[in-house]
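Below: a set of structures, written as structure tokens.
Presented sequentially are two complexes of chain A, the first with chain B as partner and the second with chain C.
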Partner chain A sequence: MNDTADAARPPAWKTFLGSPGGRALLALVLVLAAGAAFNADGAFFKIGTHRDTLRQASVYGILACGMTLVIISGGIDLAVGSVVALTAVCAATMAIHWNWPAWEVVPASLAIGGACGTIAGFITAAWKVQPFIATLAMMVFARGLAKYASGGMKVSTAVQNADGTYHYVEVPTLFRVIDHRILGGNLSMVTVIFIICVALAWLALSRHRWGRYLYAIGGNEEAARLSGVPVVGAKVCAYAASGLFAAVAGLCQAAQEQQGDPEAGAGYELVAIAMVVIGGTSLMGGRGGIGLTLLGVLTIGYLDKILSINAVPEAGRLVLTGVIIVAAVMTQRRNRT
Partner chain B sequence: MSKRFAQISSFLAVALLAGCNKSDSSDNAPVITKEGREVPGAARTYTVGMSQCNLGEPWRVQMNEDIRAAAAKHPELKVIFKDAQNDTLKQRSHVEEFVSSKVDLIIISPKEAQPLTEPVASAMDAGIPVIVLDRALLGDKYTCFIGADNKKIGKAAGQWIAKKLGGKGKVVELMGLMTSTPGQDRHTGFREGIAGTDIDVIFSADMKWLEPDARQEMESALARFDHIDLVYGHNDPGAHGAYLAAKAAGRDNIIFVGIDALPQEGVAYVQQGILDATFRYPTGGAEAVDTALKILNGQAQTVPKKIVLGTRLFDKSNIAQGGEALP
Partner chain C sequence: MPEANSNPPPLVRMSGITKRFGPVTVLRDVQFECRAGEVHVLAGENGAGKSTLIKILAGVHTEFEGRLEINGSRGVAVIHQELSLIGSMSVADNIFLGRAPARAGFVCAARQEQDSRRWTAQLGLDIDVRQPVEKFPAAIQQLIEIAKALSQDARVIVMDEPTSALNAPEVARLFALIQSLKARGCAIIYITHKMEEIERIADRITVLRDGQWIGTAPAAELPAPKLIQWMVGRELGEQFPRRVPHSGGERLRLENFSVFPTGFSARPAVNQISLSARAGEVVGIGGLQGSGASELFLGLFGAYGSRTSGAAQMDGRPCRFASPRQAIGSGVALLTNDRKATGLVLSLSVAANATLAGLPALSPGGWRSPARERAAAEKMTGPMRLRAASLDAEAGTLSGGNQQKVALAKSLQTRPRLLLLDEPTRGIDVGAKREIYQLVDEWTAQGIAILLITSEMPELLTLSDRVIVLHRGRITAELARGQATPEAVLAAAMGQTTEEL
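Moving on, here comes the complex of A and B:
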């Protein structure tokens, strides 16, 4: 209404689109609009399509939650894909071959993932090895352990007898529960688990002192140290949390495949990093948030699905995905200047 | 550092194998060495070097397992396994190590043709016979090639599918990595097998041999088409992923067909009623050991230059009998 006030302050929508959240939301809306335009004979408008998109994105999304914590602290975690494989193999062995109940399998799997993260975090935080190198080492180490624990074969419900023949066991209840769907079959349990992970990461980052520490360390580690932030402890905890989230993702992966595949999760770390960065969290650390990551997860998840229902050939998919990632990140970068 | 680790571990493997074989060498039959000398009182043992390109693939783990099992029946054979971890140059140095340690025979499943042709040729020059498994080399400087024909297997799958559907139906094809020869051959063979029928391939996608990708692509196919008769997966994990997607969507009456038929994968899936059929892509491990024995026992002239392995069909009707061999 008032001319002078309008001139002084940009309109609300402009402020919103200038914020990282607004830009990430814009990218998601554009991808959804593309889905509505290329709807593959209406397949995009079916509720099942959206349920499946969320299911497919959930494992990556859970990894992205841990990745967000680490990236905000100024680090990176390349080990998560291998930790997925390691926990998937261990969980499948415990649940299928050893017949352990769920209340033993879940804590044991989390302990394995958490241990991997803690070790990588300790190496990078206490011994001052660059996070890229420390987690790269953990990436090959955990992959090796996964192959060793499984003997290079998938751990499935076909169990080998002493004489080389096979007998079959039931898929464990734990796996059935994780791969179950609720709300009349319209929501996958893995998506619920993903949402719980988002909530936990949000609580840690926004409502807990540790989260503030991570932002401070990512912004300026030396300043944080001089201000009395327990830098080493907070960083180790970030990598440990990333390992725990990777273990959750590994359980979800094993449950959905009904087996532990030592080759699972290869390249997942890069997808998780892309999701975090597309959301607008800075790779330099100190800036970002879990809400942004959620938008990034949805953007990449829907992009994947739209290319899939339209049966776009693999070559085209890779090219388009690359172009869209750059476009999304470019809008984020303009915001920073 | 990884090279040193590989050396140490292969040394340990050799030491272990040597330790195991000690008890077996009490056989007193006189044997004739390669040079024609008779060695009285001691059994001639043969050392075979097996160079595997990538033990990250279950099918290749199975190949090593087949070789191990076949060799275990012949106490005079000692097999040294090396895994190149999908690294061509590592595999090249493995071949060179076998030559310098003077093994009696080399079995190699090469990662790729061009860079490994010359190392194999120089092994042949050093007087060591070489059996090439699964993937071919350039030229003909090797003793024997043993492999299966993916196009033939794809065609057999196509013909089985055409028969099963009565020559008419809607099919989803979940393809292996289409930049790889096995993926291309399983695709073209399948199209040859269903040629001339009314079978309509309504949806085809590249799932890159990966189960999670296959599940995602199948979900897309299910979202798009209300009626699907059959899913043809280029490997068993792909067909299994499609089955899980269809089951989660509550879509019954779809037939699932896969390829590879590993004992703990495809064959197990057919036994459990998950897949309707799978076609074996044989590893040739047992055949390689048989051929190696022929060569080592001086019958090299009876060994053909190329052995093409047939496939084996596993479906509900024959699974109890261990499948049916197809020519």
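Moving on, here comes the complex of A and C:
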């Protein structure tokens, strides 16, 4: 009667495990099970461990939200790590040195990040420069700007006096609010911000016309164009959004470190990409979602935490993470075609 | 029809060739032979099976039924219609790609260049063979492609529309070369859609139609009218519902409309054509490969940006679309000729595809409503009897016919006043075709004007109220329903302009 549904449907659990979401969830469960097994004398069962895991994963996770939008459109954004540094430096300068209030620091930081993303997006979408190259250029450019704006030094609460000595100023309220914990100290503000970012990205991808356009462009750009999709505009917006999310991450980074470090965020873009890909969003574009990315963020976040509470040295942690990324992507790939 | 005299022995003999792609039989019991010193033209409409036969001969398709004998060890050289050169590599490297003269694994560049120069000189090409191929215009590239085939020193040379990018002097030079190859005892298998070329160089002609061998005859015994009759000779059956014309006011008018897909400096794909279509009318656009019909649609639809010239009017108002978005907004819809490459986003669901073009209207303020989209998709796909597991199934999982219906639903979603259908029934089964014909009838009854491109002659003749035939970007005939016979359309499509009508 219908010629597309397969004759004998496989059981529901098989279908679920065959889907990207099922596989990503399985990976997370395996990592959590490993954490329960190697619990470092019960450290894994303490609520503080989970709070710290989420806090540490949040900055990466915020970047992964923007990265998801860009990757679904068939692109990639390598600039986000540098944009984190640039906005962290600028936010620290504005909040600490210039004493700007939060309602000026936050919009100004977002504008800086958004501008970086818009420029990279315009270069790749309108001038047809490969996204890898365009955002690589923006990565170098933004890093340079961060160093220029900070004079190559960390922008901290130790402010230099005219005579060369230092005096310490108070940590700005904005930073203290972002670094704050709520619910009796059991939930970090950065995690709340991360969750808000996930919600915004979900709204865009699943409930807004623009999100559907991104899927269509990533799936088949020419077909999308011939269907009247504003390809250039939608792509520029994706990179701009990625820049905005990077600016949010930069604010969180500055608040947690209570300073703006021009060297911050190096390599963050690769962690964010790994999180998106482990979730099961296709690097080819057109498939994936923010829910998958959330699973990927948790998987990598917990993996890192479990290795560190078991006192695995950083060298081993990096090697293991690399192996697990490949393994995860291999299983994600098998369900395609 | 094949003559008894088979002396000298044929260089190529194919007999009982049958080739299937899955359930589709593209060649059925075809025979073909080619002797030393002859130009053997392989003729047939689009989709007759010529290319498949050549691919079997060249060893591209190795699974087939029947016998293939090639005498002599020097093999078969094929000059492909779509260029097989590597643009970034030099002319010499391309000519000797994969068989460069080498010593101890190192290419002897000097010898390669010298030999390349010899082959290009034979074609009258005076070019620097060290330059990358992409630096040369299409015509030169085509000649390089020919030089590459010649350099293989094969005794059987297949030329698949070798002149499509050449000008008259270049064609003359190619034909002179073909004469000298003949004198040297080579066999040339020549595929062309140009009647004039068949008359000039063919020694024998084999005609295929719908994957079947129709006949082989010396060129002298097969004048143009008879050849065309062999190519189209098919009864127009009852498989099409009879269309009732619903002509209204003039919907579309083009005057001196030209389309430049690759920029204004190149040859236009559509060259100063004028046509009109009325509301409720189906205007068929006939033509063979390279006629420019698809480019006409894409140009009209704004897919080439502003790389068009001339005047276009819709409902009396001038319209020049700089993007498909503008065209859709003004009531034009396009069904592209390749649903997988340019029609659908295969990774998206049926519902998402069906509503993609109409999404702005379905998402006021930008916010989508899945329920509203579902309802719209159901409304569009319902009358089409779409057989999909569900509207949430990925479009890529559907059969060809159902994918085509989704692509049609997407076009119709925007409530077009002008519908451009490019090969609406390509690669779909008979039942689905019939349903699409009925839909065409319904749409014209609603007053939609339809321009239709199809390479299937019966479809063109029965669906169209009028047929306009293009040949290399120009109109060679405009035929009313009664005048449009297969012979007249094919003659015009092969470049014979209508004398008196």
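Just a few scattered comments:
We take it that the second predicted complex is superposed on the first by the 330 of 337 C-alpha atoms of A that agree within 3 Å, B and C clash if a C-alpha of one lies under 4 Å from a C-alpha of the other, contacts with A are read in each partner's own complex, and residues count from 1 in each chain.
We take it that a residue touches a chain if its C-beta (ideal position, glycine included) is under 8 Å from a C-beta of that chain, and two chains touch if they have at least 3 such contacts.
Worth saying up front: this structure is predicted, and the values here are computed from it rather than measured.
Three-chain overlay on chain A, with chain B and chain C fitting side by side and no clash. Contacts of A:D304 after superposition: chain B is touched, whereas chain C is not reached. Looking at the shared chain after the overlay, A:Q56 reaches chain B, while chain C stays out of its contact range. Once both structures are fitted onto chain A, a short way to say it is that chain B and chain C open up an angle of 120° at chain A, using Cα centres and rounding to the nearest 10. Residue contacts after overlaying the shared chain place A:L30 against neither chain B nor chain C. In the superposition on chain A, no contact is made by A:L200 with either chain B or chain C.
Once the two complexes are laid over each other on the shared chain, residue contacts for A:A108 go to neither chain B nor chain C. When the shared chain is aligned, chain C comes close enough to touch A:W210, but chain B does not. When both complexes are overlaid on chain A, the residue A:Q160 reaches chain B alone and has no touch with chain C. For chain A, the partner that touches more of its residues is B, with chain B and chain C as the two candidates.
Of the two partner chains placed by superposition, A:V329 touches none, neither chain B nor chain C.
Chain B and chain C never share a C-alpha pair closer than 25 Å once the two structures are laid over each other. Residue ranges of chain A in contact with chain C, taken from their complex: 1-5, 207-213, 215-216, 218-220, 222-230, 286-287. Of all residues in chain A, only 40-41, 43, 46, 48-49, 52, 56, 147, 151-154, 156-158, 160, 164, 166, 168, 179, 181, 185, 253, 256-258, 261-264, 304-305, 308-309, 311, 313-314 touch chain B in the complex they form. Contact residues on chain B toward chain A in their complex (touch as defined above): 55-56, 58, 61, 69, 178, 203-206, 208, 211-212, 215-217, 219-220, 222-224, 237, 241, 244-245, 248-250, 263-265, 267-268, 271-272.
Of all residues in chain C, only 301, 303, 323-325, 327-329, 334, 336, 341-348, 352, 356-357, 359-360, 363, 366-368, 387-389, 393, 397-399, 402, 410, 414 touch chain A in the complex they form.
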